[in-house]
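Each structure below appears as structure tokens.
Both complexes below contain subunit A, partnered by subunit B and then by subunit C.
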Partner chain A sequence: MRTKWLFNLQLAFTLLVCAFLIVPVILSIMAGLTVNYLVGIESGLTLRWVMEVWNGYRNTIFLSIGISLACLVVTLLIGIPTAYVLARRQSALARAIEELLVMPVAVPGLATALALIVTYGSLSGFRTSWAFILVGHVLFTLPFMVRSVLAVLMAIDLNTLEEGAASLGASWWRRFRDIVLPNCRAGILAGSLMVVTLSMGEFNMTWLLHTPFTKTLPVGLADAYASLRLEIGSAYTLVFFLMIMPLLLALQAFAQPRLKKFVAEDDIHE
Partner chain B sequence: MSDINPMSIALKTCAKTFADGTKALEPLDLSINAGETVVFLGPSGCGKTTTLRIIAGLEEPDAGGQVLFDGQDVTQTPIEQRNVGMVFQSYALFPNMSVAENIGYGLKIRKMPSSQIRTRVGEMLGMMQIEKLANRRIDQLSGGQRQRVALARAIAVRPRALLLDEPLTALDAKLRDTLRLEIDTLLRSLQITAIYVTHDQAEAMALGDRIVVMEHGRVAQIGAPRDIYQKPATRFVADFIGTMNRLNGAVRNGVFTCRAGDLPWPEAPADASEILFRPEDIRVTESGEASRLQGTIASAFFLGDRTRLFVEVGEKLPLVVESTARRDFSRGEQIGLAIDPRGILIL
Partner chain C sequence: MGPRVKPGVTAQIFPSPRASSCETRGPIFSVPEETTTKMQRETRRLILLLLPAGIFFSAFFLIPMAELFLIGGTGKEGWAAYASIITNRNYFNSLLATLGVAVLTTIVTLIISGISGVFLQRHKFPGNGTLVAMLTFPLAFPGVVIGFMVIMLAGRQGLIGTVSEALTGDKIVFAYSLAGLFMGYVYFSIPRTILTVMAAAEKLDPKLEEAARSLGASPFRVVVDVIIPGLKPAFISAGAICFATAVGAFGTAFTLAAKINVLPMVIYTEFTLSANIAMAAALSFVLGAVTWIVLALARTAAGGTVAAAG
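== the complex of A and B ==
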């Protein structure tokens, strides 16, 4: 009797916590779909706000997806080799670099953005292009890629695996391609998810770096909340969800490991 | 089976100093015949693994050192072009590949057509009796199975030499015995040049055509297992291989006198002050047999086929005596001892 009572209490508490987290999401989605939020759901459901967001802010969505994917490509190209080198070198310098890489995460985004503007702001072609935002995002997300790949590389005995491959005749490039990359797949996936989601949602640095022509999704969202109806802001969030979920699922699926099956020959004896 | 073309290996004044200044290996000259199995034996830090890695091409010897394969200088050749098979203590199997893919990897690198790779991998799986594991992932294998896969992978490419770095150290004792036998059979049937690194003297004795005993980056002795055991060149070798008993004393008129008593020894050199002998060269005398050597049993271990006695004779260390399992020994018992003079060594 007593255990059942305890179980019910735990269940109630768990549901309460879930509700606390999920209800705002549902409310926000509903707000984006109701005709008039102040009147409530009785005013009816509509896709009008979603369409308005689509027509007015479509470009910010595509820009955000574009920047986050570009950011992913750059962090993959820089981050994996960096992690590889850091994993192979045990020197104090390597450890220092590892720590320094995390600095852009600790420093407030606004400060990083200001530093970028002060340094490169006068290069007008660069300042007004989306690449300017990309640089900020790469600075901010790179440590997440390096750290997650490095963690995986440190967990496997990378040196011995490479020596094993080398003894079988594999050149440096073959070893990197056949052994190093596949074995840090989990780290690359974790890092990629972090990079894409962080870049997609990054606001405080982007808010300073953007220009009216390079508005990203979170900046547009802030605009919408500040200057338009609440319904539009909520519809915006809904669109954001719909855009990012397939992207993240695709990333997951892409990183699934596959083993090839060995089929023994019927006649081995020849 | 002998589809492998074995090669001879020679090291010429190969030394190794690490970046931090540690001298891992003093200049070493060594030649290994084609088809021979040589075991590098020694405690950790003696330079045995470093020597193996120099032969493999994973370490470069200090300037002046040379590695020759069949008389050809390969010192500057990287490991991937040396065509040597390696088996590592940690196996170094690729976790991203199945067992069959691991074994076939070296063949894929050599651009062998996939049908031939399949045939060769099948052969290897059969040879190591692991056919059923072909599609397993590495993390689904036991230690012994991993070791078999590692061997199959190294041999699949028909290397000119097989280098094994403490391949059995990570396994438990029973499995170690089984695999030791398998490796021995394998090396004999392949007739491949093999270098085997270990710190286990029983492994070294069982596998080696010759044993290279190393200490502090130097070779202490090179020889057949029997020579190393029966005629150790230094005290270190004598102690490291098998068990060695010591008695301190002095020789007078063909009798060696020590605290335990007198040992008649006609050929005794006049200046012998310490004698060494193996446990099998000393025995407990029968009751009624005259004996001038006495000792007290400190402990007796019944091992089934024999009894191992530790006998106190007033020396720093008790003598180890292998005795019959038929007689009952008890601690504190006084016994007479007899030493076979043919087994006595002076170093």
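== the complex of A and C ==
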């Protein structure tokens, strides 16, 4: 009897927390689709605000997609080799390197952005291009790519696999292409989704790094919240939700059951 | 999961790379003796592979951070700028406000996520998956969007204001203050903390609770003496992440109001409005050092078990 009562109490509490997180999302979606939010839904539904966002801010959407894809390419190119090296050499030095790489995530984006500006702000060609924002995003997302690839590489017996292939005469490049890359597919996929999602939503750094010609989606959002009516801000948020929703769903699907199937046989029986 | 990965989300989703080690396993078959030249070639290759990330990281993080530190000492106050966070009354007050909001956020988030996380992990009922999905949905919202969510709830046209006006005639609006910021940070921290707690609760041994109960412990005693100690490493690592986020985040405060006097807003104002770059540099360097130290301390306090909990 008593446990039933406790169960209901906890369920009610959890539902309340859920409401706290989800109700504002629903309100914001509604606001973005109603003619006048103050009057309420009776004022009618409209796509007018979404169209206004599209006309006024679609450049920010394209820029964000472009930067997040560029960010993905760079983190793949420099992150996978880094994870491979860290997996091969498990020394104190490797751990120190890993710690260093995570620092841009621990240090507030504001500080990193200021550091970039005081160092490279005078290179006007660089300062005003979107590459300046890209640099910040790569710093921030690289640890996620490295760690998620590293997690998979540490779960397989990389050394044995590579030595086996080497003893059969496979060159390093063949080993890397035919053994390492296919084995860390899951890590690369999870890391990629993470990188794109984070880059798409990054604001702390981007607000200082952007120029009037390089506005990303979150920068545009901040703009709209500050200066435009609630309905437009909501419609813009709705567009953002639509863009990150597929990424989030994919992330949740891949985040759950992982690693197990890549573990060597004798580990599973433990 | 080690607290090295902060707000950026999936610290909890991915298990720590160091959690499982294959060092203990020997090779299945014997490996031919490697010659020195082969080893050297291998080392050279690894260094070469590390080079792109190394150059990028040095050029765009290590050097700029050193530059930031040096510029912090070039203002009219010189190196004393680094002490001004304590000696200057305004900065000190905003430091206190920042730390206060961060501590409160951490405590409240841990309590909420602790209750809901353990509950959802223990009781698998129909709809459980939906609840988890809803609770983790805001995981990737940037700070600006979180700020807007707070405005939808507690802003001038917000739900709380509308409901309270209808009920009591008094419109309650608190989005544009420290209270609104606090609400935003709790909103931001709940999804990732719940994930950490659930992962840790999964590894708790239910037999321990059974034993405590059969010895006559009340549900309250079971929570205090069995569940909370078992979740301690997860609480420390998730708490450190909540704290560091609340100290360093900027987007939520920016969306809510420029009047909120927390350190990131002060730095932003010094940089843009006052064009006091040296002071902004000094303050942001201190802020970065503080968050980094908190995360490092939490990692030491929680020890290796944090990784296993993740």
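Here is the rule we go by: the second predicted complex is superposed on the first by the 223 of 270 C-alpha atoms of A that agree within 3 Å, B and C clash if a C-alpha of one lies under 4 Å from a C-alpha of the other, contacts with A are read in each partner's own complex, and residues count from 1 in each chain.
Quick note on the criterion: a contact is a pair of C-beta atoms (placed from the backbone, for glycine too) under 8 Å apart; a residue touches a chain by one contact, two chains touch by 3 or more.
Quick caveat: nothing in here was measured; it's all calculated off a predicted structure.
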**Request:** Could you say whether A:Thr237 touches subunit B, subunit C, both of them, or neither, answering first, second, both or neither?
**Result:** second
**Request:** See if subunit A has more residues touched by subunit B or by subunit C, and give me that chain.
**Result:** C
**Asked** Between subunit B (first) and subunit C (second), which, if any, makes contact with A:Gly44: first, second, both or neither?
**Response** neither
**Message:** Contact-wise, after the overlay, does A:Gly66 reach subunit B, subunit C, both or neither (first, second, both, neither)?
**Reply:** neither
**Message:** Looking at A:Asp157, would you say it contacts subunit B, subunit C, both, or neither? Reply first, second, both or neither.
**Reply:** both
**Asked** Thinking of the overlay built on chain A, is A:Asn183 touched by subunit B (first), by subunit C (second), by both, or by neither?
**Response** first
**Message:** Contact-wise, after the overlay, does A:Phe7 reach subunit B, subunit C, both or neither (first, second, both, neither)?
**Reply:** second
**Request:** Give one of first, second, both or neither to describe whether A:Ser167 is in contact with subunit B, with subunit C, with both, or with none.
**Result:** both
**Message:** Per the definitions at the top, what is the overlap between the subunit A residues touching subunit B and those touching subunit C?
**Reply:** 156-157, 160, 163-164, 167, 259, 263-264
**Request:** Note which residues of subunit A are touching subunit C in the complex, please.
**Result:** 2, 6-7, 10-11, 13-15, 17-18, 20-25, 27-28, 31, 37-38, 77-79, 81-82, 84-90, 97, 99-112, 114-116, 118-120, 135, 138-144, 146-148, 150-151, 153-160, 163-164, 167, 172, 190, 194, 197-198, 201-204, 207-208, 218, 221-222, 225-226, 230, 233-234, 237, 240, 244, 247-248, 251-252, 255, 259, 263-264, 266-267
**Message:** Residue numbers of subunit A touching subunit B in their complex, please.
**Reply:** 156-157, 160-161, 163-171, 174, 178-179, 182-183, 185, 257, 259-265, 268, 270
**Item:** subunit A partner contacts - residues on subunit B that touch it in the complex
**Value:** 56, 58, 78-81, 83-86, 88, 90, 92-101, 105-106, 109-110, 115, 118-119, 121-123, 125-126, 131, 134-135, 137, 153-154, 157, 163
**Item:** In the complex with subunit A, residue positions of subunit C that touch it
**Value:** 4-10, 13-23, 25, 27-29, 31-32, 45-46, 49-50, 52-53, 56-57, 60-65, 67-68, 71, 112, 115-116, 119-120, 123, 131, 133-145, 147-153, 157, 159, 187, 190-191, 219, 244, 247-251, 254-255, 264, 267-268, 271, 277, 280-281, 284-285, 287-288, 291-292, 295
